[in-house]
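Structure record follows, encoded as structure tokens.
To keep things simple, chains are lettered A, B, C, D, E and F as they appear, and every chain counts its residues starting from 1.
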Amino acid sequence: MIHLTRRERFNAAHMLWNDKWDEQKNIEVFGKCANKNWHGHNFELFVTVKGDINKDTGFVINLKDLSQLIQYKVIDKLDHKNLNLDVDFMKGKMTSTEVLAIAIWEELDEGIAKLGATLHSIKVQETENNFVEYFGQ
Amino acid sequence: MIHLTRRERFNAAHMLWNDKWDEQKNIEVFGKCANKNWHGHNFELFVTVKGDINKDTGFVINLKDLSQLIQYKVIDKLDHKNLNLDVDFMKGKMTSTEVLAIAIWEELDEGIAKLGATLHSIKVQETENNFVEYFGQ
Amino acid sequence: MIHLTRRERFNAAHMLWNDKWDEQKNIEVFGKCANKNWHGHNFELFVTVKGDINKDTGFVINLKDLSQLIQYKVIDKLDHKNLNLDVDFMKGKMTSTEVLAIAIWEELDEGIAKLGATLHSIKVQETENNFVEYFGQ
Amino acid sequence: MIHLTRRERFNAAHMLWNDKWDEQKNIEVFGKCANKNWHGHNFELFVTVKGDINKDTGFVINLKDLSQLIQYKVIDKLDHKNLNLDVDFMKGKMTSTEVLAIAIWEELDEGIAKLGATLHSIKVQETENNFVEYFGQ
Amino acid sequence: MIHLTRRERFNAAHMLWNDKWDEQKNIEVFGKCANKNWHGHNFELFVTVKGDINKDTGFVINLKDLSQLIQYKVIDKLDHKNLNLDVDFMKGKMTSTEVLAIAIWEELDEGIAKLGATLHSIKVQETENNFVEYFGQ
Amino acid sequence: MIHLTRRERFNAAHMLWNDKWDEQKNIEVFGKCANKNWHGHNFELFVTVKGDINKDTGFVINLKDLSQLIQYKVIDKLDHKNLNLDVDFMKGKMTSTEVLAIAIWEELDEGIAKLGATLHSIKVQETENNFVEYFGQ
């Protein structure tokens, strides 16, 4: 059993806002992140998979396949997009880094299994000071 | 004569769009950066000043003063903002990294002179692959 | 259950020295780190907490609260200080990175619980080549 | 129980190739990595050990000893070498990052035990986008 | 006048060797870099261009065009290659970082002029400790 | 003419203090950096030399020679030392990054000339947010 991690990146806009609350409460909780005109980040995504090594290739998973899967299921939908408005798998959700990481897990879990490995963790880095990691429930 | 550089950071949304052009032309030129729902970045700003060393302090400029100036004149206006909508000194301008760097120069030049040093360059890093530098005309 | 990590930084002086040993023995064990006139580092601190996501915020913990707690309990006491002489929670301890990480855990554990999350790990990076991680006993 | 990680680096050439397959199949599976004239990387190696803290030193392990062990058993054999041709402990193996990480584990496991700690993981970073981690079986 | 820099990366093998010298002299001068079985690096390439800002785009040069030019003229020829054996524009040359930087300048200078900007510098980073910069003669 | 840069690192303690001033004035000017019990940093040093390429080697300067010179004249004197107390070439000087950069220039200038190249700049990075560069007078 060995772990392999692939990093990908995307640049996106978002806003933290809870429609159930008034503006004052939103600003109290989310601070500058509640700016109604949006702000944005260079996000870094680390997808870690695990599995046994294929004797013929020396690989857990072919990085070409893993990278294509992440590109198609996640990056194409997030890069240069608005997380609140443009992304099918974020519809109706808060766009916190935590919620985003779980949503990305759900996008990738099945496809990675089909490639013969197991999804181990999703790490999303929002700034050089903040990141979240999700390991499934 | 010695150079000193201070790095600051801000997270902002923006869009590249020229109102004189139709949508097709904008997408042709600006690609994904023309997404009407905005996208965003973690920008890094490097402000380089130059001058002679003060014998009593060993400093070209007191970093505390320089950092406060950048905070007040630039970061407070850009951080968690929309470069196209929220920023007084970007009104009516393209929000390319090039134009942003020159606008930041104009915000800081005079204040740095008052602190006794000379502004040497503004570097704005938009992603880990792209940055611009402006040295004044 | 999701993990969230906050990075903070501090610059401090220290010395590795065991009073029970003579100078020769200290130099033999600690090498250059036993310099009696002190040396120092830019330390990086990574505090990882875990918990369930709050439905209203999308957060495990509000980063503003976590950051304030770390600032008040740890950074204010360590930054621009001497780890051997200035820090109440390091009194009478070796100032190795290992011991420092455990001491920081003890400073933060209770406060993070009060914020509704669980402290998962403390990582302290002393140089780009060395770091330690503590996960509680 | 605490974890300590030491980073070391080496620059090496390699090629991904399975002798059981013809050229077409090798290129199909390994892509550009099957270039017969070799390519190479700046590899980063992170060795993580764990154990209890020695009261007299505050250390899990003396970094000087750990670094010397890694140097002698691993770096001297890999740095500025060809992973397919020059390295005794890679003879007859695929030179994927996965296989390399396991081979490095086997080189270091015993020596770290003799230094009084336990090897926890080997991380090998091949590019800024790809790394693997091995935790023993 | 403003400067814009694009970073690209490539992984390559090479060897430092002067055919006019015997083996002893080569090892004396080039040390481990003279290993006849090759070694390799993750090279980083920084291409800096300068020019005036186009009023309609806010750009010195369209990064899409610059990136495509670098890809076609340089990266496709260097990535996952052997600098001594595979690269047309390095034939008969020493593969030091210095010589490589100048050769890349010659590959790109004309194409950048055709895109309406001026090549300002080529920076090639071989390891995190060493890089060279060439500004034209 | 081409530029080559070598990075080296050292960890040191220091304090900013002007003996001509009382404590209040020192704290007013130097803030936390005036802590009498010292603080410290992981400094990064970038030495840039320039010259013509030697036809036989492809080098401006042999990195082995440059690195040894920097080690002997600078790093051995600064690493794990106190800049105010331990360093011959800092005696009686303020230990600001600016003054340190100039002092390092003076230590290296002549030796680099003897190796056949010209010293172009000294860059000293004190934290990830602050660095200075000196290009000679």
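One rule holds for everything that comes next: contacts are C-beta pairs under 8 Å (C-beta built on N, C-alpha and C of every residue); 3 or more make two chains touch, one makes a residue touch a chain.
Bear in mind that the values here come from a model prediction, so they are computed numbers and not experimental data.
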Neighbouring chains common to subunit A and subunit E, by label: B, D
Subunit A to subunit F, fewest steps along touching chains: 2
Required minimum of steps from subunit A to subunit D, each step between chains that touch: 1
Rotational angle, Cα trace of subunit A fitted to subunit C, multiple of 5°: 120
Same-site or different-site touching of subunit A by its copy subunit B, using the half cut: same
Chain of greatest Cα-centre distance to subunit A: F
Farthest chain (mean CA position) relative to subunit D: B
Distance from the mean Cα position of subunit F to that of subunit C, given in whole angstrom: 28
Geometric centre distance via CA averages, subunit E-subunit C, whole Å: 42
For subunit F, residues contacting two or more additional chains: 128
Set of all touching chain pairs, with the criterion as stated earlier: A-B, A-C, A-D, B-E, B-F, C-D, C-F, D-E, E-F
Subunit E-facing residues of subunit D, complex: 9, 11-14, 32-33, 35, 37-42, 79-82, 85-86, 127-128
Touching residues (chain side subunit E, partner subunit B) in the complex: 1-8, 48, 53, 56-60, 62-64
Parts of subunit B lying in touch with subunit E, wherever the complex brings them together: 16, 18, 20-21, 29-31, 93-99, 101-102, 128-135, 137
